[in-house]
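Common to both upcoming complexes is chain A, partnered first by chain B, then by chain C.
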Partner chain A sequence: MKREAFLLLMPGVVVLGFVFALPVAQVLLLAFDEGPGQIGAANFSKLFVDSYYPLVAERTIRLASLITLVTALLGVPLAYVMYRAQGWIRSALIVLIVLPLMTSVVIRTFGWLVILGRGGLLARTLDMFGLAPRNFSLMHTETGIVLALAQVLLPFMTLTVLAAMSRIERNLEEAARTMGAGIFATLWHVVLPLARPGIVSGSLLVFALAVSSFVTPMLVGGVRLPVLAGAVYQQMTSTLDWPFAAAQATLLLALALLVILPYARLARARGG
Partner chain B sequence: MAGGISLAARLLAVLLILVVSVFMLAPLAVVIVSSFSASEFLIFPPRGWSLRWYAEILASRAYLDAAWFSLQLAVVVTILALAIGTPAAIAITRHAVPGAEIISGLFLSPLVIPTILLGTGLLMMFSRYAGGSSFWALVAGHVIVTLPYVVRTVAAVLARADRAAEEAARVMGAPWWRRYWHVVLPQARPGIAAGAFFAFNVSFDEAVIALFLRTPGVETLPLLIYSKLEFSPDPSVAAAATLMILLTIVLMVALDRSVGLDRVAA
Partner chain C sequence: MRSKIFAGAGLLALLVAHDVSAQTELVINSFGGAYERKHRELVIDAFEKANNVKIIVTTVYSADMVAQLRAQKAAPRFDIVHLSGGLEATAAAEGLLSPIKPEQLANYADLYPFAVQNIAKGEGPAYSAAVVGMLYDANKAKPAPQSWLDITNPAYAGHLVLTDLSNNWGLLSFLMINKVAGGTLDNIAPGLDIVKKSLAGATILSKSPEIQQAFAQSDAWVAPYAQDYAFTLTQAGLPVKFLQPKEGAVFSPITVNLVAGRPNQALALKFIDFSLRAEASAGWAEAFRYAPVNRKAQLSAEAAAGVLSGEEATKNLVTFDPIKIGQMRGAWTEQWNRTIAK
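Let's turn to the complex of A and B:
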């Protein structure tokens, strides 16, 4: 029995060890590499030589926080509507969330480039209502990055919260309603508190994904608005300072772990 | 009074659905519409309509090579991810493995660990020990990022399935391979189908690891689109993207028919 489980797990553990743990360990080791035989934090102190990297890190965290907020404001009510919907409406809503999720991030970002650019769909629409000049553009702006990445990450928030809501006892809501609470009071006092672990999990997940996102900020923000992941890529492919890239990637991992660890604890508490 | 509140709630729900629909679908819609443009440049909405950009990409070596590369990659990755992930999911759900929580966390961790970290590490590892990137370097990276989907979907299905059937097969002396072939694998089939869908889709669409491991000859379709977006995209990019969206829709319909999308999403 034990041997059977061992054999079943073996291929996965070997593959994860060689092509996941080993490369990640290599990055972490290189981050502390100061040349032949020297170990230290020199690569990290390079991050603080001037204000460039602190600003990049600050922007990355600010954007990720805003994106988390936007996805929560849209995703939590949406999850509730999905939870209550039935029949074709429910199916349509699932497609609405899963189809974009299953479309390449590159393609979705491409769509946002067409929408956000000068003379794009957004500029034309705002112009039609006299809200903004025709040459209005959200390309190379933080607002543009937030909009595009919120669309990319909304499914993760919605599906996580929906999963949490599906575990709520329907009776509790019924009880509140029968005892005279209005729908909004019921939502506020019954549904929202019960869905809180799901909302927290969804927020942690979205923050972790946003903080390490790369394709969307690179294409929408461009070189003028670098984020941490983009800086790592530049160091790896253009500047070729690999130890410095490793230090930045390590910093990014540390940032992500700050939210991944509580996320994992929550997931375990739910038994999922 | 309750009716009045319910109407307000209903209106709010409809408004929310409208806003989210536009928000989620607009980026896909503008890509699809742009692909039928007749003009030389990417302008939205297009000034005239044609299928010339589809003709263009179907005659373009660069697009066809990249599409063929992506297809081979996604197929190999799907097979490997199923072959590795399915047994792992069986072990996690059916056997009292010591440290099962840690093991399942390990298998799911590539979902949340920054992909950029894995890309960086793989580039370092393959350039140092394997003389650079290759098709198989990309396979390795994609198997890691698709494994969590397979493990998750198969484990979810097995957790709901009847364990007594496997126990019965064991008690009645079925050899291990018959137990797996006739009992466990058929029980896991919906999870395997969903896992295959996710693995194929994620690999076919993935761009971050592919960017890190890009060399001449290792170019996927999303990478080709990405590099065109960095400079000045013409409507051919929209045509290629539309075909990729179409493939996703076809796969989703197939998954819905065989397993049911509702079960996979929740």
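Let's turn to the complex of A and C:
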């Protein structure tokens, strides 16, 4: 039985090795390249020579955490509504959530550029209520990045949580209600704990995507609010210092793992 | 059985057709937007029709283009690359380009010396030349800027647009500001100080269409940038004018280069020659006020008044050592990023 499982896994593992493990290993090795024939950690010490890259890293992690929180706050209630909905309403909601995923992320981000810019939809709405002048703009701000990226990544959170919720038995909720629990008490004590694995997976997915995203932060945030992935892109294409870019990519990987691993372990430990 | 023969024949025909088309195909880059549209009109589409070939155009800016050529050195995917900002010097020095001999270009004799000055070093010829100076909104920017250092003028605060160093026009305008402030290519601290002073009232953008949008929608009044965009914006109905600040303007030839290690060198050379002909030169001048490279270009009266034509006009413009730019670019970008980061 074990041998069959091994043989079935082999093709997938080999492919994964080639397209994932090998390139990642190459990048890690490249980070230690100090020039022709020299190996060392000079690229890493360059990262910490002043506070610029640490600040970029801090911004990347902070924004990614914020985005994960926002998508969780929006996505979990949305998933619950979709889970409770029946028939055509549920299908319509699923289509609404999935449809943006079929458009390129660049197009979706451009939509945000129009909404967030001066004289855009957001500015005009706020102006109507007297909350901000017409030329108010969230472009080139961290708030704009969080908004745009949260919307882009919302489907990932919602669908993951919905999948987890779908496995909850309906009678559990009804049982709680018949025992006298209100709607919110049922949600808090029955639905959320049972959906926790889904919420954990969803947040891990969104965090990983947010921390490595560079298109939306570059377009919405501009060049004055760099994130690590954007800095890597710039090094690769404009400054052409590939070993240094590899060092930055390694830093990004290390920081992401630093957040993800404890979170995943903690969630599993509490029965998630 | 017959259907199998047809299927086999069809597949064979497809393979042969693909192979044949690979012989009559050129892969090039252009710079997108209004520029690329004009490029197609003046050179690309005309060449395709005249020679019955297919040209595949990808929008890649010069710095990105050189990065890609470096990555593809063993098996390049582009036949011809258009580069600006002196990057052709870097590409030639790294052996990414095939040198072109004067006798290979039918239009060589008609070109101004500045367009072919570096052919011996392996660079391609210039097919148009841009001037980098100051764009300003003639109605709103009062007083009109006179000097490169006017970007620190508080009258323009909130309406100033600076361009990131990843864009060649941004790089050249920054180097000019640095020069005027007393810096050199080895010391860009004076330039960075000026930028820091104007940062509070400035937006920093990186792509040409963004600059256009800034003037059209985001209330920009002043932007150091290239002359071609001033004309594009004027054509779009905006009251944007170009001026050469009193300290001078930067001269930047845009070159067309032959990539080394590709099979279609003869066809590619034909394309390069086609890019240099008088009609194309005149077309660029009419559309964007680029300085023509071909002596025989016939310009309308208004175009002739608006472009810098001939050796005399170009003598007063500033250029920066492209090899030095290629070497220092990385270090400059690091310092620039730290200056502009919030």
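In the analysis below, the second predicted complex is superposed on the first by the 231 of 272 C-alpha atoms of A that agree within 3 Å, B and C clash if a C-alpha of one lies under 4 Å from a C-alpha of the other, contacts with A are read in each partner's own complex, and residues count from 1 in each chain.
Definition applied: a residue touches a chain if its C-beta (ideal position, glycine included) is under 8 Å from a C-beta of that chain, and two chains touch if they have at least 3 such contacts.
On a predicted model such as this, the values are computed, not experimentally measured, just so you know.
Colleague: Pick one for A:V98: touches chain B only (first), chain C only (second), both, or neither.
Modeller: The first partner, chain B, only.
Colleague: With both structures placed on chain A, which of the two partners, chain B or chain C, ends up touching more residues of chain A?
Modeller: Result: the larger residue contact count on chain A belongs to B.
Colleague: Where does A:G119 make contact in the superposed view: on chain B (first), on chain C (second), on both, or on neither?
Modeller: In the superposition, A:G119 touches chain B and chain C alike.
Colleague: If we overlay the two complexes on their shared chain A, which of chain B and chain C does A:T239 touch? Say first, second, both or neither.
Modeller: In the superposition, A:T239 touches chain C alone.
Colleague: Contact-wise, after the overlay, does A:V215 reach chain B, chain C, both or neither (first, second, both, neither)?
Modeller: first
Colleague: Is A:H140 touching the first partner chain B, the second partner chain C, both, or neither of them?
Modeller: Touch status of A:H140: second partner only.
Colleague: Considering each complex separately, which residues of chain A are in contact with chain B in the first and with chain C in the second?
Modeller: Dual-contact residues (chain A): 119, 236-237.
Colleague: Please give the residue numbers of chain B that touch chain A in the complex, ascending.
Modeller: Contact set of chain B toward chain A: 2, 5-6, 9, 13, 16-17, 19-21, 23-31, 34, 42-44, 83-85, 87-88, 90-92, 94-97, 101, 103, 105-107, 109-110, 112-118, 120-125, 140-141, 143-144, 147, 151, 176, 201, 204-208, 211-212, 222, 225-226, 229-230, 233, 237-238, 241, 244-245, 248-249, 251-252, 261-262, 264-266.
Colleague: Which residues of chain A touch chain C once you look at their complex with the stated criterion?
Modeller: Touching chain C: residues 50, 52, 55-56, 117-119, 135, 137, 140, 222-226, 231, 234, 236-241 of chain A.
Colleague: Contact residues on chain A for chain B in the complex?
Modeller: 1-2, 4-5, 7-9, 11-13, 15-16, 19-20, 22-27, 30, 74, 77-78, 81, 90-91, 93-100, 102-115, 119-121, 148, 151, 154, 159, 162-163, 166, 182-184, 205, 208-209, 211-212, 214-215, 219, 229, 232-233, 236-237, 242, 245-246, 249, 252-253, 256, 260, 263-264, 268
Colleague: Mind listing the chain C positions that touch chain A in their complex?
Modeller: 63-64, 66-67, 70, 164-166, 203-206, 217-219, 329-330, 333-334, 337-338, 340-342
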